[in-house]
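Chain IDs A, B, C and D follow the sequence of writing; residue 1 opens each chain.
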Amino acid sequence: MFGLNKRDTGLIAIVTVLVILAPFILNPFPEGSAMAQFNAGYPDLMQRFVIFGIFAIGFNLLFGLTGYLSFGHAAFLGVGSYGAIWMLKLFSLNVIPSIIMGVIVAGIFALAVGFVSLRRSGIYFSILTLAFAQMSYALAYSVLTPITGGETGLQIKSTDSPLLSNLEPGEIGRASLFGLDMRSSFEIEMGDWLFTFNTGYYLAGIVMILAFYLAIRITRSPFGMMLRAIKSNQQRLNYTGLNARPYTLAVFVISGMYAGLAGGLMVAMDTQVGPERMFWTASGEVVLMTILGGAGTLIGPVLGAGFIKYMENIISKINKGILEQWFAFMPDGIEDLLITLVYPFVGKGWHLTLGLMFMAVVIFLPGGLVEGGQRIGRVFRRRDRKSEHAEADAAKQRNTPAE
Amino acid sequence: MSSSKLTRRGLIKTSAIAAGAGLALPTYLRADGHSGFTNAPTGDTVTLGFNVPQSGPYAEEGADELRAYELAVEHLNGGGDGGMMNTFSSKALQGNGIMGKKVEYVTGDTQTKSDAARASAKSMIEKDGAVMITGGSSSGVAVAVQALCQEAGVIFMAGLTHSNDTTGKDKKANGFRHFFNSYMSGAALAPILSANYGNDRKAYHLTADYNWGYTTEEAVRTSTEALGWETVAAVKTPLTQTDFSSYIAPVLQSGADVLVLNHYGGNMVNSLTNAVQFGLRDKQVNGKNFEIIVPLYSRLMAKGAGANVKGIFGSTNWHWSLQDEGSKAFVKSFGTKYGFPPSQAAHTCYVQALLYADAVERGGSFNPCAVGEALKDFQFDGMGNGPTLYRGEDHQCFKDVLVVKGKENPESEFDLLEIVEVTPAAQVTYDASIFGGDLGECNPGA
Amino acid sequence: MGILEVKNVGKRFGGLQALNDVNLSVAENSVHAIIGPNGAGKSTLLNCFVGKLIPDTGSVMFDGQSVLGRKPYEINQMGISRVFQTPEIFADLTVMENMMIPCFAKRDGAFRMHAIESIPNEKDIIAKAEHMLEDMNLSDHRDMHAASMSRGDKRRLEIAMCLAQDPRLLLLDEPTAGMARADTNNTIDLLKRIKDERDITIAIIEHDMHVVFSLAERITVLAQGTPLVEDTPDNIKGHPKVREAYLGETQTAA
Amino acid sequence: MDAILLQILNGLDKGSAYALIALGLTLIFGTLGVVNFAHGALFMIGAFCAVTLSRILTLSHQVVDETRKDFLGNPLQVDVPYVYDWFGEAGGSAIIDWAVPLSILFAIPIMLLIGIIMERGLIRHFYKRPHADQILVTFGLAIVLQEVIKYYYGANPIPTPAPAAFTGSFDFGAALGFDPNTIIYPYWRIIYFAFAALIIGAVFAFLQFTTYGMVVRAGMADRETVQLLGIDIDKRFTMMFGIAAAVAGLAGVMYTPINSPNYHMGMDFLVLSFVVVVVGGMGSLPGAVLAGFLLGILESFASMKEVLELLPGINQIIIYLVAIIILLTRPRGLMGRKGVMEE
């Protein structure tokens, strides 16, 4: 269907269903229960899941297919965001032109950076991209303050009056899709459960499904095959009459445009941009998301993005008070002991948990989270079928480059 | 208004709503269907959001802010010794929570990044139903979160943020700042500098290359140049700089006899340490002792500079050695609970929490517009800084500013600064219009 | 006039004169072998043909056009394909994908942005690739990872990939190096078959005299960067200069 | 003239810190082919060795002083270090004063041990894994190490001064015949430079002139051949990892008086040291050292106010700009070897 084979159609169908039902799936615990802390089904986090999913999908097109490790991808997300917010401030409060602007600006910037950086490969390429991104960050923070707002960034202000809008004086513009406010939500209560359906989230979700679909098409295309060939053996590619440079540059720009798309969507969801969005740690984050999920796989980067954003937003909010609430049913001594044991890993210690998770995944699941999923799948399959069958299946799966 | 809003979600305990709604119950939540503002507390509790840096360079200040908030919650709910509630000039707070509702709180990590801070604040608003967000340790974060709270229709009580912008060009009707700013630092420092170092000085500025640095340099320059000082040079240093030797080494060659370090946090610790290492303070230039000035002191961070702070002038919002009743009550209460004195960050956060609660009581509602109305031009005392005004035009507090000096013979690890002068509020007050910006209308959301 | 004309080519690496005034003409549709002892400059010469090295002096003309200064992929698109000493294939791709890439390169040129097209729709490419696999007896390995094939199969795949582009000149760099005798013989048979079935010129660098004398129609002997003699295999066999240059080496090789 | 001399001095000093970290990083790249994102953390742990030793030396028992009051108005508890009891007040305070130099002795075995444990326990299993996996696991490790330090020592910088004998600064200007006070330089920074030069020299001498080092260098160039000769190269590589960790650690120890250590100082240095290593050229030890000094000096010049007036903001980007220019003009950095980390 849609030019995809059966497996890929199945994959995109699953992703679509998950995106649509995310408000239910991510809110498994009833409101007010001790476990409600783990609910992630609120608009901001759901938006972040899909937006960083897009970012990681785009990054993976470059890194997963060609093996070129860009260490400055956050710069494209950043310039995309700046482009988008200026569009909202000056042109129209409709998010569509602003997202498009984000993509275009990021694409142009990626073209320039890629043109220079792709003259080198391996770690030399990584450092070149890192250098460009760090320069962007440093300049946005300081010298370019008139354009970027510097440390305090850019927001929509009451003084902004976009060309295509009729705001009353003093009214602060809101990003919308043809009049539909990005922040409007619809809620359903079911018993103790409360589910939120947010306009912005569904816009971002639809965009992510499209981005995911496009990524599958690219991966499965002759172009995608050439990219994998670049990763596999660039020498052979050259002696087969193919010029690697335009291929890598094209995918670099596509990947940069994905980052710009993510940046534009971030602005559409939450109308503010700050320069830290371009700091090297942000670039490192998308690298980690991709590797953690499974570089070169289709769904891996999305899983990795979700995993890291979940840790950042959920684990960091668990404070001592919440731990006390959880363990209140225990006898006092054990309660204190448990709190002492768990406390360093949550709240302000969330980085520690994140670091341990990185190590655990890479040590025990060399293929990332996707491999974890495959292993679980294999265990179940082994129960059903004869073991040889499953083994053969597993081997086959291993050989399929994208899952 | 359309149905646009951030979601409201009080913690639904074992409520009648749940019991009554056995089946799916779709509801469009509209302003008229509810109390008319975002996250109106429905049960017998109210949730506040404490958004502080828990990772990154300001984690220690964030931890101290969080301690202060926990203490404030304890006091608001009637626990502990009541702290500054006893000395606060307004007596609206009863120790029975806020308007009879028990105060609960959620915490989050700003990471001192505006994106992360907004994500954290949004989760508090969308998921936890927080009706007020407070905290933070930098102006970038304060401005970003303040703008978010304006959009979402909740109150933002700024934590530590010193840039003029927060209540200047980026001010918002839903945002309030108790902390002082760069302008006040400059205005408060100038007379003391004049008295101690004379009016014939040549100053060399090192300025952190971002908004706060610019406003601080501007403030100190303006006020010292008015004294007759000459500014020899002003060099911008990158935020990410750790070793300032290449900026400090040329200072002596320039003929300057005063070095002003417009740095905060880690930058300040490093640049000050480096400056002292270079022996600047032992030098004589133009027949005078070479001096160093740090416009904004943070005691927590100054600790990192160790003995290097001795004898160096700066300003601070509050210091635990103040002897007024409010400060003493707060230090006692905080010190008893945690075993060490509170920082200025802790102080401003504690005060902000109390001021918010008090404004809700006096305004009779959690509605941000009612709170804003109650805080507008509110005059109070007994919170550690003498008589204070929450100015209605820019939501900035005007109060005495402390000029401090690194103590020569500290008696303990907390005893780093000594108060040189308490500059009266009148001397640091300025016209609200000078920084531009537009407060806008209060936004109750929903 | 040969299809490949090499005139006065010289190449220096620091103090070492790797090639010195090399003249060579490869006739169209012939098999031309370049032999010589270790360090004679055979590989250097080959690298000058394909754009990996640029000679300091002289010219290399392919079908009347200079190849000097062109990138490897441009030279390939002119009609020169190269087989490496150790098989260079796309190890992480399947055998079929390996086969399709040269087919695309032949059809679409050095770059084409076919990012949305679906591979299963490329019927002509698939047909051609499958035909080549069939022809090379590799069909059984169609969906295997290329990395997991035997060395002999990799070699055949590489040759197949080169042939899929219908090159006019096929360059082989010691194609049987490190092979067992049986594999070597298979390769010889394969190359003979290719020569018979196609209009193709083959230039081969080889150590193994058995291979050379089974295939070559003309032989150039290179020593210390200079061509010693160029002649038919029969004449080369008894040539005293060649014996001199190869003293000892021919005995072990033969 | 004196301004330029001064910035060259500064650059050498800055450069020696970069060079030391980059040297260790290159040892690991070169010998083991591992991208070690935890190298900054090793630098940080070195610095905290100094903090720890000074904490140990100042371990105290408390004596109540009735005449003084603490911040709550209670009698002040005065800390008396045990070393005062053992060596008298003068001797004790001298020992505490010399905590940083003493930490060198303390840090060497600890860092060696940490390095060896790291290599044996973790890095070893990642030699054959893709660089991406190495990045993920070492980055994870760096976060963990950093958070552990934060948990025990807090997030704030901790002052760790140099011995009193080394405070103050030397007046080069007066010594060289310029006006006094124009070229002054702190003693401790001069010591840092000398120390860095010593360590760099020692590492080079070790690799160049000892048989052990020669085998390691041979192994760096061609691991398999050396193994074929029946030499247990793995053991030596483990040792080299330990040495690299020790070099990073010592750089950290000596750095503490210059900037008070904090838990994230490693991350602050990490990116910069990667840039230095790559600009120097992958796998080249002299390249790493050369690039360290070069970038240090250029950074110092870029921070001069005369330069900044001409090119505002150049100090923000100079290192990256130079890195880009060098990598575009010299494909493998200053002295890189072909084929190292180029895929």
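Keep in mind that, in the parts below, a contact is a pair of C-beta atoms (placed from the backbone, for glycine too) under 8 Å apart; a residue touches a chain by one contact, two chains touch by 3 or more.
To keep track of the chains, here are their UniProt names: A, D = Branched-chain amino acid ABC transporter permease; B = Substrate-binding protein; C = ABC transporter ATP-binding protein.
Bear in mind the structure is a predicted one, so any value in this text is a computation, not a measurement.
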Subject >> Chain occupying the middle, per Cα centroid >> reply: A
Subject >> Chain pair bearing the highest count of C-beta contacts >> reply: A-B
Subject >> Inter-centroid spacing, subunit C versus subunit B (mean Cα positions, whole Å) >> reply: 74
**OP:** Averaging only over C-alpha atoms, locate the centres of subunit B and subunit D and give their separation in whole Å.
**Re:** 35
**OP:** Return the distance between the CA-based centres of subunit A and subunit B, expressed in whole Å.
**Re:** 33
Original post:
What are the residues of subunit D that contact at least two other chains?
Top reply: 312-313, 316
**OP:** List, in ascending order, every residue of subunit B touching at least 2 other chains.
**Re:** 59, 63, 209, 236, 238, 240
Subject >> For subunit A, residues that touch 2 or more chains besides their own >> reply: 138, 141-143, 351
Subject >> Chains that touch, pairwise >> reply: A-B, A-C, A-D, B-D
Subject >> Contacting residues of subunit B [partner subunit A, same complex] >> reply: 2-7, 9, 11-14, 17-18, 21-29, 54-55, 59, 62-63, 105-109, 113-116, 118-120, 122-123, 126-127, 138-140, 143-144, 147-148, 150-151, 163, 165, 170, 209-212, 214, 236, 238-240, 438, 440-441, 443
Original post:
What residues on subunit B touch subunit D, complex-wise?
Top reply: 56-60, 63, 209, 233, 235-238, 240, 242-243, 245-247, 249-250, 252-254, 266, 269-270, 273-274, 277-279, 282-283, 285, 300-301, 303-308, 320-321, 331-332, 335-336, 340-341, 411-412, 414-415
**OP:** Sort out for me which residues of subunit A touch subunit D in the complex.
**Re:** 63, 67, 69, 116, 119-124, 126-128, 130-132, 134-135, 138-139, 141-143, 280-281, 284, 287-288, 291-292, 295, 344, 349, 351-352, 354-359, 361-363, 366
Original post:
Which residues, counting only subunit A, touch subunit B once they are in their complex?
Top reply: 31-32, 39, 42-45, 48, 138, 141-143, 145, 150-153, 155, 157-159, 170, 172, 174, 181, 183-192, 194, 196, 198, 266, 270-272, 274, 276-277, 279, 312-313, 316-317, 319, 321, 347-348, 350-351
Subject >> List of subunit A residues in touch with subunit C within their complex >> reply: 3-5, 217-218, 220-226, 228-229, 231-233, 235-244, 246-247, 250, 254, 399, 401
